[in-house]
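In the two complexes that follow, chain A is the common piece, with chain B as its partner first and chain C second.
And now, the complex of A and B:
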């Protein structure tokens, strides 16, 4: 699975679960999910859980950083690197 | 405690006993022990009574010696014994032992100067038939409710809005801005309500209605004049006020009980009540089947040490779902938490056990700074002074440990708090709560959103702040906002008066004695919030004055199951799917069916676990119930007949009943 596909799945997941009530709003791939209020702190735990479940990767506590989880691109990049690391 | 209602005319319309009887009928839960009416050609008053003081002689409406002043009154003036003595010395004659009569003579003696002398929780109307003038008044903190409308230049008032509608003079219609306030502040802000054309008298205010004109004046407002040093005898002063406050609130001709939450505040009121009670104190508490919410172990520990006769109301998801429509009927407003439901069921149990007055710990967190919100505001301000500091935001981990479960994320989470409002904003302390609550509005229909375009309820709150506000410290500003928004609008109403009086149970709140407020607000801030230690002076007092064996813990915030009450019960309540269906949502026009559909899908999948979705689900479902109750499916009750009344006064009644009763 390439990074583009992961990005699309992450976008779908966020829209379906966190933006279903904002039908006229979109989120940019580099926009902060927390600062824009799309995802709350508890919601972030749900994203982490989804990443673990959907892609079979273990997310260590120290990996939950702004860089890895605060944007769609960050999530895509993090997941891709982990998946390819475990496949290697 | 009781229910009051009245119609005063300037339009020339007739006030019928039927209309007064209909108003009284829908307030009957507030006063199941008796009722009475006053009616003359252009004024009518009604009263339903919960007998607590002067059970034999306290029936209402009640008049002065010459019958020119008539009062209908809901509440308690605790220092009525002392006031009656003062009034007797000034030459007033008393016919009863009731606090009601004290108010009539107090108006004659002091006029508007009477209000600042009253220590209590009250809402009343005093009618002067010589001048065709009405005085309305409400207690300082807004413990007791008072609604009014002015259709066609007349004045119609009552303890609850449903009585205004029962009068036939006021047509129920929603106020969308009132709802927008609910979805910002958790309740509409007085004088606004969620009903168009219906106002509520603001706490600490009185009003005079004459010749079709209503003039509202304020006699009390929260003020903060902090000292720089805590007085050496501060603990003794606090001890004196707390004891006096509880002792005054034990005044009743019926047994007084207590609610125990397991936290420090109700332990304090329970301990002082037990000491003052001539009988073994009866205590009551709520137990939740969800262990994450339950505090019954701690409640029982307190009850054991205080040797109270303790009763517990167990609450699971099913009970909340089943009670919720009744709760909304009584709160008369959408709510964003189910937390009023357990209090509703607790009041029912309390009444079934024969108790109609309870002391509770309400008000302590506002007066002595107990809420996390105060600490949160302090930490946010501290962080924003050094925005680049890496360690300062770590304080949020201490404040909200669950945000950092297993060290997952640390300072990452704190972004929400640090981006919610600037330190220049007078609403700084409350912006995280207001912004989070406002997210329910994302579920509005497009039409609703368009209709509210340009309405900014936050700015309206800012614009109405008192001149002194800017002079106060950040903590004091936060305390003021709490005391004037959430306390009267939600806590004392939806979570106290309305759900207690639904079952004829009166709550009394020793921490809301205005003398305690004056004492606390003159203390240095650190006497109340010392670092991250809340209610510091109360903890010090408790260590010194209460038995060592008595637990003095800080309880967790009171929560009840929200989404779980409707989606995790063994059987969902019948109204859930019906009211959340697209047709019902479209018919009522508040919330977008597709957005609500998304929420329901997540609730069914067990994924709606965050604050936003919990409050949205409860807010949407309660709005649907509220709309159904008040606008599409309004029930009427048969008017209370004059034949059953304890009191019948006034020329209109004498004309009808040949003057056979006085």
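And now, the complex of A and C:
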């Protein structure tokens, strides 16, 4: 699975689970999910849980960083690197 | 938003900034907590971590060392407390950075074996991202104090009848100190420690009760400010003599004499203590909060079922 596909799945997950009541709101791939109010801190842990379940990746607490989880691109990049590391 | 600089401090040295943070966020009562708990406990190792922006503290959390003894071992726990952040820093990442700095500092120092904290739903993700895991659930247990109910509960639970007599704190703690340690882990406390916990928002005062011959057991009970209810803040017992059932029933009998209607204790529902309370006639009521834990070193934290952890030990408010 390449980064582009992961990005699309992450975008779909966020829209379906956190933006279904806000049809007019959009989120850029590099926009902060937390600071734009798309997700709360509870939502962040949902995203982490989804990454673990959907991609079979174990997310250590230390990996829950702004760089890895605050934007759709960050999530895509993190997941892709973890999936390819476990496949290697 | 500018990024705050996280630093560890003796709260007495950053007193003005920390108090101002709580006051800005509608927690002016923190002043009383600071005077009662922070100032004296800082001399015993209580430390704060603040996120500093210029001369202001924009985030705060503290750790109070609390020694645990049980089964011939001693471990040092650290109770997290008073997580607070100014509005722009309640963005998940900032408190997570604060928490990670705290964990890294304490790991490096190597003096604390494990950290634990109660939490509310909104703050739980912050602690989970800091590596904390669920340990147990604090639940409130209530014993109705009517004479008939207590008599039936005592018979059913095979609890012997003892008299509770008010006593001095130092007698209770030293007497209790020699009688405990029979099969459960508990926080170690002394008179100075209790003085940092009372009076507080819900308890104006407290009474130590000596129970049984030679004060084989004892209890620290607090009268609730608003309800006709007595709260068990701490207890010492001896499983081969005056047991927990005897201690709580004697305290309940004393409370009934004070025209109170209930005796309550909030503790971990997963423990043998909770089971013993139910066997002695207590009803399990509402769950109050989750307890999260993070081991810091090679020493394994006490097993949850062996622990007597009254909620009194978890907060100074």
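Everything below uses one rule, namely that the second predicted complex is superposed on the first by the 88 of 88 C-alpha atoms of A that agree within 3 Å, B and C clash if a C-alpha of one lies under 4 Å from a C-alpha of the other, contacts with A are read in each partner's own complex, and residues count from 1 in each chain.
The rule we apply is simple: a contact is a pair of C-beta atoms (placed from the backbone, for glycine too) under 8 Å apart; a residue touches a chain by one contact, two chains touch by 3 or more.
Predicted model only: the values in this text are computed from it and were never measured.
Overlap between chain B and chain C is detected when the two structures are superposed via chain A. For chain A, the partner touching the most residues, choosing from chain B and chain C, is B. In the overlay built on the shared chain, the residue A:22 is in contact with chain B alone; chain C does not reach it. Contact with both chain B and chain C is seen for A:64 once the two complexes are overlaid on the shared chain. With both structures placed on the common chain, the touch criterion links A:45 to chain B and to chain C.
By the touch criterion defined above, A:37 reaches chain B but does not reach chain C. For the superposition on chain A, the stretches of chain C under consideration are 55-63, 163-171, 235-243 or 271-279; the one running into chain B is 55-63.
Residues 34-35, 40-42, 44-45, 61-62, 64-66, 70 of chain A lie in contact with chain B in one complex and with chain C in the other. Against chain C, in their complex, chain A makes its touches with residues 34-35, 40-42, 44-45, 61-62, 64-66, 70. Considering their complex, residues 91-93, 96, 100, 121-126, 128-131 of chain C touch chain A.
For chain A in complex with chain B, the touching residues are 16-17, 20-23, 32, 34-35, 37, 40-46, 48, 61-62, 64-66, 69-70.
Here chain B touches chain A in the complex through residues 403, 405-409, 412-413, 415-416, 419, 435-436, 439, 442-443, 592, 594-595, 598-599, 601-602, 607, 609-612, 616, going by the rule given at the top.
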